[in-house]
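Presented sequentially are two complexes of chain A, the first with chain B as partner and the second with chain C.
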Partner chain A sequence: MMLSPALDLFPLLAAILAAVCCALLGNFLVLRRISLMGDAMSHSVLPGLVIAFLITGSRSAPVMFVGAALAGIATVVLVELIKRLGRVEPGAAMGVVFSVLFALGVLLIERAARNTELDADCVLHGQLESLVWDGPSSWSALGLSEVIQAAPPSIWTLVITCVLAILLVVVLFKELRLAAFDPAFGTSQGFSATALHYVLMVFVAGATVAAFEAVGSILVIAMLIVPASIARLLTDRLASQIMVSVVAAIAAAVSGYIGSFAIPDALGVTEVNAAGSMTVVLGLILVAAAALGPRYGVLASIVRRGRMARRIALDNLLASVFRAEERGRSVSAAVRSSTLARARRRGFVKPDAVELTETGRAAAAAVVRRHRMWESYLVDEAGLAQDHVHAPAEQLEHLMDTTPNESTGRDPHGRPIPGTSSD
Partner chain B sequence: MTTGVVHPGHLPESLAGLPEHSPDSPLSIHAMTVAYQRKPVLWDVDYDAPARSLVAIVGPNGAGKSTLIKAALGLVPRATGLVEFWGEPFKRVRDRVAYVPQRESVDWTFPVSALDVVCMGRYRRVGWCRPVGRAHRDAAMACLERVGLVDLARRQISQLSGGQQQRVFLARALAQEADLYIMDEPFAGVDAATERAIVELLAELRDAGKTALVVHHDLQTVPQYFDQALLLNMRVVAAGAIDEVFTQHNLQKTYGGKLTLLSEAAEAIARSDLRVR
Partner chain C sequence: MSTTGSQPGLVREAVEVLTFQAGYNTNAVLAGSAMLGLAAGVVGVLALLRRRSLVADAIGHATLPGVVAAFLVAVALGGTGRSLPVLLLGAAINGMAAVGCIFAILRYTRLREDAAIGIVLGVFFGVGVVMLSYVQDPANTGGASPAGLHHFIYGQTAAMRAGDAMFMAVLAVVAVAVVLTLFKELALGAFNADFARVLGYHVGVLDAIVLGLIVLVTVAGLQAVGLILVVALLVIPPVTARLWTDRLVPLVFIAGVVGLCTGFVGAAVSAVLPRTPAGSVIVLCGGAVFVLSLLVAPRHGAIATAGRRIAQRLRIAGDHFLEAAYEHRVSRRGETAIPQRTVDAMQRLWGWPVWMRPLVLGGLQRRGLMRRTEAGFELTEPGIASGARIARNHRLWEQYLLRYADIAPGHVDWSTDMVEHVLSPELVAELEAALADGGSENT
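On to the complex of A and B.
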């Protein structure tokens, strides 16, 4: 698929810029557990925009940003107020504020700003595709200055917003992190969590406005929350989380954009909304991260559990052979043959009979030792009944590396504890 | 017992007879009343913390122990009252006061390492908008060493045990190199090793001439770990040296039976349209 520059460069660039600035700021929303604030902001700035337009009669970027920033601050104040006065949880307060403010914005557009360029539909769905640039179709025919002149103004708004968002996150990295992690401590140290909250929210409001004209508020919300959530699954340091979130956002923007026409093209149907397909890609990346993430992923935990189950099976096999030999019996026991084969491969069990080798006996003694020491601890120290301790000890022998120190040499059932004096 | 109602321009009766608060005192609280949702939770607190001492703040659940700390540090608004640290407002002496919040008050799955958290104790020295430099990281590392966690410095904090997390908080307080340490339940839910570590640290702090105010739940260990006590139940029941105030009588007054009339008064104020004063 060839990308024709005239058609594709600016919408794609706009999507990437919107993705980057939203993803950057979104990390702090997700960490502060106020993800809904992104949703709230992207809706509640609408009346701010309309009122700014009604007062000035202008739709220029500075006017829109001032309107958005004021609406952003109003949102935060109203959310706090409703939380306090209505005695409701933050989510409910945000939900009330943003739905009412958005509705107010829609009413204002219908009543007062009719027949203007403001359009609530555009706010919701975005107009990536409308960022078409109708200059010459060949890049080689152009100098840099022509490209710069030809760029639609909303690109410049996005570039500036993006630079400011990067500056904010770089310059105030440690302060934002502190306020998100421990606001009370930070405030006591003079890094007011409230002030930082307002700064962050003004930036979110600004990013929302810059971005949704191009990509629509659904993608803005997704870009605020999903890349950070993806990165949260893959990293455990804030700096790397922010990097990963930005990479995920860019990847979703690019592949969603290409997918929005390449896939319908291949299927022979009409193109789909690019912002919508980017959002879907983000969702897919999140699912993949949840499934395949190295620490928190579903697959990783299946592998971990499988490994644990195999180790427990081996421990149990060795222990039961050890106990049988202790009583002078031989083992005919029905043990899982794969576990037995593994024990033989690792040289714990003799190849020709179900008997422990030298190393096997040492390993088995360690397991039995842990079991019996836990049993005696649970009876002597924890005061559990003698006939109740086998099951918990059976778990602890596999889970705990440390064992209780005190030992009388015998377990509560009178059997010797391997490796102690009476053994 | 006064109710903490301060009439404009007048000192409450309880203050009238008291001597001037000493500017030596690391923390002096005058006639402080605090309300949540317009319901008073602390009434007319008067307290002077003696310098160079370990003070246990003791009282039942809901007695307002955490509220006392937070209100003193300006983290929750005070309805009335004045709080001074060494005779100055908190804003002027932030450098000299270390605050250890309750461990459960933060999200321990947060993507930071133990060392990152301890470095937060240096932020005030580092200042706004500047990265934490080598020297400050080394200082933070030394504090981790003091609480025995130097090997776990690079661990993400969710991978630490509860006791280790508490020690990270203590290390962060140490990194502040403060003169007054205000700790909210540092002993809650910690293992024996951590409890010993905290006790040793407290002793070190006292030997170095510092003061610590510690919310503490285990009455049995109060006389052993502390030399001063502040008994609190919505108001100050008693405050002073352990052997003077830690008596059966005072404990009975603090814990025994709810102070029903005071609680009812608080409810009535919350329901009324009057301002909390």
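On to the complex of A and C.
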């Protein structure tokens, strides 16, 4: 199925813009561990919108924006107040504030704003599909000036919000970063972390209201939190985290939008809600990032752990053959194991018998040396009893590359430490 | 159920509703909402103490795909998809899945709890929205109508039947019974999970019980208040109760009562007034009780806190005044009169707001420490003694801070000013003795 400008240009544009500005701001919510402020905000702007609408009778962008921003500030102030007076955790304080405000919004819509264009369902679910345009049906016939002229007001709101969000992040990058990681230090550096918090919250409220038409207010939560979380699983640097989150958000917006009709079309059913599809895609990307992330991914840590387990098994094998040879015993040639096979492949053990080669002996000596030196250290320096040091030394010998320096040449059990006395 | 009539009609109807005389169905709704509020209030205390309040929000939002999935399964198996138990079962299963996902994110990724809750909430709800849009097309559901599914988003108390009210009552009994039976264990787990673990309790099992109760209440609340607002039932009563008490037993009791009352009153208001969705009204009733408590609660309310703070400030200002007057008297060799302009100077020095001056001076006069004279004021005998005591405390503190706390001489005055007012006489005596001992040793 092809995209046509008339049907898809503005919805797609709206989805991308909403995704980008939410993702940008979401980074700071996730880092400051106030992700749920996005949740609270997206619920509590509802009464702001309704009251602004009831007072002015208009649904124009500036009116809605002011209503939402005031509701957003009220949310932050109320949460702070309840946290302080009620001595409850921030989560519960947010829960009280946003649920009461949302209930107020729903009641106001039912009582006063019924039969108007404002209804709770559209605020909740988003109406991307309503942004259709009576324009050309092929992309080649599309002119830039034509697009600008035809762009509906909600697109312009999104463009402005998006530009402002980008400006905020670029201009105040240093301050936002400091406030995200160490607000107290930021305050001591001469800018108020509290003021910055309020600025950020106003932007989140603004982004919420700009985006609710495109993705719906509940899904704004996903747009705020999930891209930044995805990026957090993939990178450690703030600048690259922001980049990754924006890329993930755009990818989810585009593929979610196209997928919402392309996949049902292929299956022969009617198309599904586009905004919902975008969050589904975001969820899938998050699962993929959690599973496949290079450093923090589940798969990566399984691989790392497996590699470590194999290394420890090899170390232990070499060390026990070394100890057997040290005592003049031989190891039964009938031993079979994958670790032994690996030791043979790497030339540590002779192919025909369970005996160490020259390289194998050097490697084994290094392991045994680390083990015995750790035992000496634990007895001499850490004051452990002689019969208690084997188990901890057995762990430390694999985990530590550096070994304690001083050596008496003999371990606490009287065995020589390889590589010291013989040198 | 209600007709907008004249004012007396409305009052009569309100009385009828509140006294269970407005018909069988209305009674069922009232009883069901009250029982639900009770159960949610009691369970909410445990959620609050375990810092799990917003997990309930994620569970609530995450039930949407469960409801729709249950509808689709029921239709596929040949039903109408309208059976409430089936839909609620789907919701419960998905609520559990949401809890599982939150814990999986916390266990396997570096993301924090807030992000985990937000992710599960947003993504599950997104899946729900997609599925809801899918079932809108009759072709996808074999002609079964999904009408009513979206009542789960905002709730529809009016649809509550006697059977549902019974279910809520059973739920409330179960919740209260579980909390009473496991009170000791749950309290320990809530306040000090590590200690509970050391004592040999299975904290995981206790947590699972609490989460299970949260899921149960959330699912039960779907029908009444809807999945967005169900979190309010679990959060508002305990947070309100928290303002009134610091002890666990009263906390559970008050939270239960607040939940019960707001559920009942909210449902009643919604039954009497037209076009008032019960879910919102119940939540707003809870909000009103909360705001009221926030203002008037005796210990932690805003008014009490502000009153205590003002009293403390006045007491400190009075102490300052007495001390200064005493020093003034000493430096003037027994001159007891305090002229008006000295009082002005003191007021400027300490930056008293205009309203404070009469209160401070009046308070001192009422306590018989000072009296008014022609030229200004004068300390009485007890006033002089009191001023001497304060001045001596101040000196003692300066000494102590210089000697034991290694504070620079230039900083001592400021620090003593703050602490001398908060010490009990016993502590001052103790310090004095300690200082005397230390002094004799040093000399």
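By definition in this document, the second predicted complex is superposed on the first by the 410 of 423 C-alpha atoms of A that agree within 3 Å, B and C clash if a C-alpha of one lies under 4 Å from a C-alpha of the other, contacts with A are read in each partner's own complex, and residues count from 1 in each chain.
The rule we apply is simple: a residue touches a chain if its C-beta (ideal position, glycine included) is under 8 Å from a C-beta of that chain, and two chains touch if they have at least 3 such contacts.
Predicted, not measured: the structure shown is a model, and the values here were computed from it.
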Clash-or-fit label for the pair chain B, chain C on chain A: clash
Which of chain B and chain C A:33 touches, first, second, both or neither: both
Contacts of A:206 with chain B and chain C, given as first, second, both or neither: neither
Contacts of A:282 with chain B and chain C, given as first, second, both or neither: second
Which superposed partner A:418 touches (first chain B, second chain C, both, neither): neither
First, second, both or neither for A:104, with chain B first and chain C second: second
Partner chain(s) touched by A:232 [first = chain B, second = chain C, both, neither]: both
Partner chain(s) touched by A:88 [first = chain B, second = chain C, both, neither]: second
Residue contacts with chain A in the superposition, chain B compared against chain C: C
First (chain B), second (chain C), both or neither touched by A:269: second
Doubly contacted chain A residues - partners chain C and chain B: 33, 87, 232
Partner chain B, residues of chain A touching it in the complex: 31, 33, 84, 87, 171-175, 177-178, 180-182, 184-191, 232, 235-238, 240-241
Residue numbers on chain B that touch chain A, as the complex places them: 37, 70, 73-75, 91, 94, 97, 99, 101, 105-107, 110-113, 116-117, 120, 123-124, 126, 128-129, 131-132, 156, 158, 172, 176
Chain C partner contacts - residues on chain A that touch it in the complex: 30, 33-36, 38-39, 43, 81-82, 85-89, 91-96, 99-100, 102-104, 106-107, 110-111, 114, 120-121, 124-125, 216, 218-219, 221-226, 228-229, 232-233, 260, 264, 269-270, 272-273, 275-280, 282-283, 286, 290, 296, 298
Chain A-touching residues of chain C, taken from the complex the two chains share: 48, 51, 53-54, 56-57, 61, 105, 108-112, 114-115, 117-119, 121-123, 125-134, 137, 139-140, 150, 153-154, 228-229, 231-232, 234-236, 238-239, 242-243, 275-277, 279-281, 283-284, 286-287, 290, 294, 300-302, 305
